[in-house]
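Okay, here's the structure, questions in a sec.
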Amino acid sequence: MATTAKAALLERFERVILEPRRLDYRVQFPGPTGTNAVEAALKLARKVTGRTLVVSFTNGYHGMTLGSLAATGNRGKRSGAGQPLSGTVALPYDGYLGPSVDTLQLIERLLEDPSSGLDLPAAFLVETVQAEGGVRVASTSWLRGLERLARRHGALLIVDDIQVGCGRTGTFFSFEEAGLRPDLVCLSKSISGYGLPMALVLLRPELDLWKPGEHNGTFRGNNLAFLAATEALSFWETDELQRQVLAHGALIAERLAALARCLPSAEVRGRGMIQGLVCGELAQPISRAAFERGLIIETAGPKDEVLKVLPPLTIGKAELCEGLDLLEDAVQAVGRG
Amino acid sequence: MATTAKAALLERFERVILEPRRLDYRVQFPGPTGTNAVEAALKLARKVTGRTLVVSFTNGYHGMTLGSLAATGNRGKRSGAGQPLSGTVALPYDGYLGPSVDTLQLIERLLEDPSSGLDLPAAFLVETVQAEGGVRVASTSWLRGLERLARRHGALLIVDDIQVGCGRTGTFFSFEEAGLRPDLVCLSKSISGYGLPMALVLLRPELDLWKPGEHNGTFRGNNLAFLAATEALSFWETDELQRQVLAHGALIAERLAALARCLPSAEVRGRGMIQGLVCGELAQPISRAAFERGLIIETAGPKDEVLKVLPPLTIGKAELCEGLDLLEDAVQAVGRG
Amino acid sequence: MATTAKAALLERFERVILEPRRLDYRVQFPGPTGTNAVEAALKLARKVTGRTLVVSFTNGYHGMTLGSLAATGNRGKRSGAGQPLSGTVALPYDGYLGPSVDTLQLIERLLEDPSSGLDLPAAFLVETVQAEGGVRVASTSWLRGLERLARRHGALLIVDDIQVGCGRTGTFFSFEEAGLRPDLVCLSKSISGYGLPMALVLLRPELDLWKPGEHNGTFRGNNLAFLAATEALSFWETDELQRQVLAHGALIAERLAALARCLPSAEVRGRGMIQGLVCGELAQPISRAAFERGLIIETAGPKDEVLKVLPPLTIGKAELCEGLDLLEDAVQAVGRG
Amino acid sequence: MATTAKAALLERFERVILEPRRLDYRVQFPGPTGTNAVEAALKLARKVTGRTLVVSFTNGYHGMTLGSLAATGNRGKRSGAGQPLSGTVALPYDGYLGPSVDTLQLIERLLEDPSSGLDLPAAFLVETVQAEGGVRVASTSWLRGLERLARRHGALLIVDDIQVGCGRTGTFFSFEEAGLRPDLVCLSKSISGYGLPMALVLLRPELDLWKPGEHNGTFRGNNLAFLAATEALSFWETDELQRQVLAHGALIAERLAALARCLPSAEVRGRGMIQGLVCGELAQPISRAAFERGLIIETAGPKDEVLKVLPPLTIGKAELCEGLDLLEDAVQAVGRG
């Protein structure tokens, strides 16, 4: 009993996104916001594998409802649950223990040792770029290694592409560069293009073990959002948006690198149009100074130590430069202060 | 940094809904759909009381994310979690054990016995009418007794008014007739009037112990939904809608009663414009027969044994009668078949 | 690699206890005290059924380690866990809701309603007489009904016979009168006869799905306790002990009934040589007065409102009468005070 | 209402063990076996700190009841629970990631990062030598660092000295060499000297927040075990046993080192009279060959790859040498085979 709007969206998603990338997924509408997608993916992963534990990562962010909150790293948000969170364990993300430690080796050691205390997991839940966690970028080799590890131990790979999917890193999915084939993918935010709440879970067809009504909800299908999302997908009929995101991303990275050189022990990291200026205690004053100048730029990271540059994907070059000028101005004002 | 649309909605909600009812609540936007509201309410109740257990009720329905699913009665939906659900216990709703057993007495016994095995709860989470559960209506005396019990044992009262609030029972809140003063109220669905995802949690001001960012999310504030919701609230500037809901509700109940008399051991129950025709194994064939005639009427209850009549609140009388005629037709067709 | 002492015990247990009662059980030594037996039984029940939830009962007492504590009713003891207890739910024991409510019907209603919020349980864990819970006696019809209910819903029946097994009620197992065939039986305390720590789990052979080493521990096999237990079992070669327990039990009940008539709203309940004098706030002063007179008599029940008379099974009649005289003296002293 | 036997034991424990070591502990009898002691310590740590999570370590072994099993590393034993284990996380023990990674730094990183996903723990539960885990020895510097880390983050330090306390490493407590002052210490096994089940928890006096009856049990106090334990403590009136354990330990280590040189990539590790011969797949055949020769020698480690040499502390030199000769014989037989 699907509506025409829903059918149109599914058709375009198949034709414009999945087919050209030779991806074969079913599309589930799990509820209108990102956390609904994560919850649905976690439920399905546990149900399919018959295992309970989900491995998430240090500094990961996946949502505020009980299941996704358990996979979120932030202690302040976790304590909001008012009860112990269970069913998850956070292992070190790529680079978490410094450049000399390969965290995948640690994870592998724990998985292969039958007395490590780590139960075999139902899934790994990962962001290829940890946005809220401070714009931390996983390397393609680490991501590929994680996928291999998951396969070898019978665990599913879930990519939470809610913040950095839908073109943010240049390609539609953030994991295209690494060539991953995740078992489940969570999308939301930009998917509906114009700010209408919508979220998707993509699932490999053989994982679709939902019984009728086993995961339902009111606002899973919202016709207005379907229309907006269908329209937004038209950007992906050509490669123009992708080229523009990469060009604008390079521009942002370059400008931030110049700013970083003016600040003590600052650093730039990111992919495409998500770029972070890691600048410690200066991040919050710079964010405020930018706001005073008419620019909204949020901080991220466990101690709000990163300025997260995340402009609309469709921004024009002139407007982008204006924003970066305002940011530069704010940085200089704080530097002087 | 609230938008104008949000401010306008809050102002109107205060003026049109809360003030005339002498209710004093803060409004939280917990995410765009009902389950987000329930999750936020459960988190807050646990955090405020320092207790973990939440009492929900047999046949209750509160959502599909991990926290609200734990408070949902349906075993099929529960098993979708792929892991044991915890932090909740379902106690018998009003009438669950037949007319001769007062389920409140049972609940009171369990609370007052320090060795009952029931830990003191953070909250009671209740629907005044269990819609998905089969249009089960709690009596005003039971609801008042539940509120007293909660107060006496230091537990909060959370009313999940997602399906039967916003005028469905006649009054804006379904608990007005009983004169309850819930600590937390969950609203969604009709609150935004035109199908745009939105949800609210109302909380007594002294319960607002959220720290900044402790419960956040992407689509908590959606300007289009704010506008729609503000417009929808204009219906409540006069008592016209309320009177119409009661009149139409009476009409529906009357027509259903007539149908019930034609069916073996059928029964009608409901309040305002949510009415259920309890008719056992005939419910699903009647629903299908209605659909063939152009009428969507869902089944509810643990065994899909109830036809749930839930028309739009703003439906006109002619259209309502047409719908009821179609239903009658469907009932007769199934009766003959 | 069993020792001779262990083999001798197993042989005698088989010959003297199991065979004459036509019971077919494997014997597991789960660790030296009652709670180890309960933990092992719960683990096995969950493993065998693939279900998590265990139904325990109001006022039940099963032990202080995390798994058995979750099945214990007392809130004070439960709060000692320092964390929420999960995996169990306490339902009303026989008589808990007064003489007019059949609690089995309530349990059946919850099991048969697929939306009751009660997940299908792995097991029912029950004491036929709740000793710590205040010497509450389940009727044989209730126990039989519970066994039928368990079978019908694929749940195991675990009898915790730690306090009232080994002859306390007259028969060796407390469930012989009701003719139950529990899937698992927990024994400890009197089983080793002379106060040496020992505990047993009896399991239906087809349930023995333990893998090697899956449940082990240091003091599972203790040769001294094996010897003592073997010796103690010689009491069961004839029916003399059983007849004596019943005779002494009747004597105790009679004497307590006489005392009850002197106290306001007092009551006697029990089976065999576990008898309780329910006397409210007088129980503790009477216990103290008895202690001053050289008699140890503990209180039981959620509010310590029951004097629990629990003499050694092998006590002589003269000594028993002396004890009862001391108790009578204590009751009269408190009555006068 | 303590017995004379209990009082005598407590007096001697205070005079012979605690006072000379300037340790100030209360003694709790939590039930007769090791897992009861661990359960009691975990409950108290959670209750005192108001936190839930307990950090255990890879390859740790703490018991089979639900609370201590959650802190045990072995997946086979964990799966015996039949339900997900919660409230614990296993972090890497000293040396777990090879000689170049300091696992304390990893643990510190997780604790100090407020978004690591690791909640602040109630306690660290550690064995100074992991016996079942394969005779893994933590260095004194690592143990001291762990104690500092615990203090700095408000967590308790619990030493599980059940297998390697009571003189096994030479000193009475295994942590004396590192100079630790644990908040809680679990003792069992050798404490009662002659194989009678007994266990102790030592707790810093200010942690004794138990309410009456909050953690009780049947076989907590067993007079025969009290007598045996009191007698066993007489060994500690002089330093003779300690000197002998160290001498015998050195002898065992030397003989094992000689055996290791005959085996491919074998290694010896241990302290005092717990020594392990790490020899991979040869461990089990050697164990069997030893058994055939009249010597019981168990294997340990996640893959049973370690022969665990654990003779009685009071063994004479001649008997010890005889045992080692038998072992040598078994090693050679397997080597030839």
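For clarity, chains are labelled A, B, C and D in written order, and residue numbers in each chain start from 1.
Keep in mind that, in the parts below, a contact is a pair of C-beta atoms (placed from the backbone, for glycine too) under 8 Å apart; a residue touches a chain by one contact, two chains touch by 3 or more.
None of the values given here were measured: they were computed from a predicted structure.
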Neighbouring chains shared between chain C and chain D, ordered by label: A, B
Chain pair with more C-beta contacts, A-C versus A-D: A-D
Rounded Å distance between chain A and chain B, as computed from the means of their C-alpha atoms: 34
Intercentroid distance (Cα basis), chain D paired with chain A, Å: 44
Inter-centroid spacing, chain C versus chain A (mean Cα positions, whole Å): 55
Shared-contact residues (touching 2 or more other chains) in chain D: 52, 76, 79, 83-84, 86-87
Interface residues, chain B side, partner chain C - complex: 52-53, 56-60, 72-76, 78-79, 84-90, 92, 96-97, 101, 105-106, 109-110, 113-120, 133, 301-303
Chain D-touching residues of chain B, taken from the complex the two chains share: 83-84
Residues of chain D that touch chain C when the two form their complex: 30-36, 39-40, 42-48, 50, 52, 63-68, 70, 76-77, 79-83, 86-87, 122, 162, 188-189, 195-197, 210-211, 213-219, 222-225
